[in-house]
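Chain naming follows the written order as A, B, C and D, and within any one chain the residues start at number 1.
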């Protein structure tokens, strides 16, 4: 049999991620890149980079699923699935006992509750406001002169987290600078930011019901300080994986694979017809 | 008699020295950085320097703005809504304003005043920064147009591009998208001004938009803001650069009033 | 689809007939001359029959407001009302009405909305009703009659509740007779009630039609149009005839296997007031997934027309009006609402519940999340909750709602 | 009911704030321990006749949500996002706070607004204790309203106490004790009107509010002791302006906001604070049929808050209050998302405007993020009166 692959391309608001799976569900290639204004090109680049990473020809990839905020821009794909389904699927693939996924991405936060067989029971997400999302951390990190990848390690030193009262990202940015001017320690401020987001996320999770196991996905799950704050507030451990940011893409690739296995025509989702 | 009004805002600190309630003999402005209390002192000292006056020659100091409680030297602190109303009334005195729109760094407020400049009604943004000056500052940063050039650039626009996102932060993505589609920066910037004007319009309608609107706050320096407001509100909005000092002037004038009372 | 192709043009005598007649009725309604005294009533559980029998022209500002919203004209009026102090969180109907009639003189492109000569506050299901009418009474300086309808809390309304309502109805009639120098005629009331009954029987039958698979009617999105006669014209001949026509059209659809979507795939029950400002787009989100709503609670805001015992009855005029008034949908206890949803899900072979919450209507909305919890965790049906507003387009976030609807049906389809 | 001795008051006086805001309802649990077999009934604010519950020997308790003490995490999902805090935090207490559920043997939600009404259905599904939605008659003019309301009151108690009989003598006695309670409020408010500096607003507020958790007899003792304390108070008189605060008839503003009002220079002379304990502002008749007396009093003498039907007198009511309080202005202090308050405000503000009386509208919520904007609004309002 000819060598075949499937791909999932997750075009988020901030980053584009791609995953290549072989027919045995092994991840053979992945990529991550920032989203520029040229979303369609970024999607394609992410895909090509993943092919490169896998060391395969793009022609070998027989079915591609697009997902994420910019899913309609994955014009070279055949399937389109919302990121909610994909994150859930990806999380369950890596952590099979997942019953609740928390996805904090660049511009949105979602809580998804899953059933025994991975079916989505319920989900909720935040609304058109950047408060409580990755962007909130990006902006505040900037104001403190850190890069987001520093936030985790820095907050580790914190003893007394500063309470951040503003929910609006813009006000929080000012608040952060003021706190700094008042001589509060950067680590305490960063930790305060983490707690503030943790609180908002938990309230979102409560909307669908907090049940074990919880898997944390999306770019913000790479922030170890966020993981700590969440675990502290929830009083339990949560799953995180180095692949967390790719869960959406992994889920998307799995959808492609399942379709292929079903032998069905890739006219699966009605999404592709409209823009 | 000399009174000082110091307006410690979230973005900038402004101060004036007023002689006999009428004549502005010194003014100063600086971005607010570090401790608001120190900022206020700095501005005050600058005022003394410009006017060549001695500290003891200033009869009364009134502070206002978000940092009003932090200025040690103050004799009184007054809320920035009150002072903006009074100050704007004074600055625009020949036109007898009753509706004032104050857009500052983080705030936007619609204020209705009576004959004397007393506030009768006001509405303000509360938790969301989408309609405030900060939005423009952020745009300046990621569109790489310096603040001094923002308005000038926007004024060149022939086809303003609407911003649909309501969030000052999330609209970044949209704006960057516009850039990539080759939409000229000036049209995008004008769109940003229009979106702020839209929000201001809603605020104004909540206190009833039934009179000419007078602008106060830092955005008076931006003709583009006025242009956007003119269009959105469908009227000629009145704006002069001096109105950036509305709150400071209002504070100094109310300080004068207090002084008169005390002296009696 | 197969059976669509098989249907020939000439076979379809009634295609679109009901919709056409409904449009005409709306047009005529707003263009009619004002020849009689005008009374304003609320939709929920109103005693329109009594007022028609007394010789009043009946208006319901809620209906005008929603008509404005669906035509994308509500925002200007909402802003006007806000300018005299109505808060952001006040019910959009109130603001549109006050902005349109009190503050703009009632001129619309459909016709002029007359000012009221009398306000009857049928206080059935929503506390905002009282506040709204109090304000109108002050603005228009016209008499206001309070008709206090107890909340539905018991399996049967108790004798005391009915007596209380009937007592007030009689007092109201007397008061109006005096105020407007009119005489009440029982025979006229019975005629009006007979028309109401006929319309209600017909409308009730149309609901039942959705039990067919595929359903010939979208019980939520389509019903929104078909609700106009029962709510605005109940008690008139036109309304009664309208539902005859609608049923003929539905029979024809059943015969030819025609439904609101070509290939019915999902059957949903929908709860809540529609997002009028985004109504078309909202419907499209469902059509795209071949989803049909087979039962909905919103068409029962006037009264529970699907329950035959609750319809008007010329043989028991006072009692049937009183009983009807208790059972307007927002006057129902959560126990009853939960039971109703359960019944709809089961009887109409539905796959899921969709809830649309209204940010500025607490009467309908407060507790819908609990309903969702009940449906998911106790009944085991999937349920989707989305939120916007019935009047205020500023709350219609299309992309977000689309995302939720897509994800929901995607998950439903995957489960199959 | 044992009458409280003065020494009983000491813990109350020293821990006033703690007891007032106690979401574990320790006072209620304590009362139940002292009265075995008796019940505590939680009532949502405004217009529930406590006298009736008290007449059965049970303890009526006003509930006011969780305030600053509990964070909302479940209730959002149940109620929706555009809902007032008191409803959310009361639901939160139900869902996640056992001491609250254990304290009460029944709940009453009056139909003061749609949210309060709907809460009854949410509670009803989740607990085994009886829950009653009290429909308060709104037709002031109908002769059928009083018989209806009497019957409604009886339905309430027979739902709460299905196997118990009402003793009319005990009801008369209860009315008399609550009349004493009302008379004491009146005295304190009069004292405050004459010499506002003697009665600190926050202390008065908590003194009234703490009564929610107490037997009325004990509360009467407390009020008496506070009254004499206030009379002797030697706080200096301040140059503050006299105001009426209205609109907060149900959800209570956080204590910090109440304090802020005084801090920025206002003497609150007339207010709606804790109107849920003061909605009968005149004594209820102790003659004749006591149930009818309660019903009649609600219809004709009950405080005219926005949560009931009142045609054509909104303007007059507020103007009258301003006049009686000899106030210079009005602060509309309303709970965020409280529609009844928002609706009535329009007509009231209009009346004030026409009469040249300044007013300001402030919205509050529990656990709001800082009070900077509220302070700003209050200061601006005061300044508009202070400066010429």
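Here is the rule we go by: a contact is a pair of C-beta atoms (placed from the backbone, for glycine too) under 8 Å apart; a residue touches a chain by one contact, two chains touch by 3 or more.
None of these values were measured; they are calculated from a predicted model.
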B-C against A-C, pair bridged by the larger set of C-beta contacts: A-C
Measuring centre to centre, with centres taken as mean CA positions, what chain is farthest from subunit D? A
Averaging C-alpha coordinates per chain, one finds the centres of subunit A and subunit D separated by a number of Å equal to 47
Would you mind pulling out the distance in Å between where the CA atoms of subunit A average out and where those of subunit C do? 42
Gap in Å, rounded to a whole number, between the CA centres of subunit D and subunit C: 36
If a residue has to touch 2 or more other chains to count, which residues of subunit B qualify? 127
Counting only residues that touch at least 2 other chains, which ones in subunit C make the list? 84, 369
When you check subunit A against every other chain, which residues touch at least two of them? 124, 128, 166-167, 207
Select the category (line, ring, star, complete, other) that matches the graph of chains linked by touching. complete
For subunit D, which residues count as touching subunit C in their complex? 76-83, 87, 111-115, 117-122, 124-125, 133, 135, 137-145, 147-148, 151-152, 306-312, 314-315, 336-337, 339-340, 342-347, 349-350
Residues of subunit B defined as touching subunit D within the complex: 66, 78-82, 86, 116, 118-120, 122, 124, 126-127, 254, 257
Can you list the residues on subunit C that touch subunit A in the complex? 288-289, 369, 376, 382-383, 385, 397, 400, 403-404, 406-407, 410-411, 414-415
For the complex, which residues does subunit A have touching subunit D? 124, 165-167, 199, 202-203, 206-208
Provide the residue numbers of subunit A that touch subunit B in the complex, in ascending order. 13, 36-39, 107, 128-130, 135-136, 139, 166-171, 174, 181-182
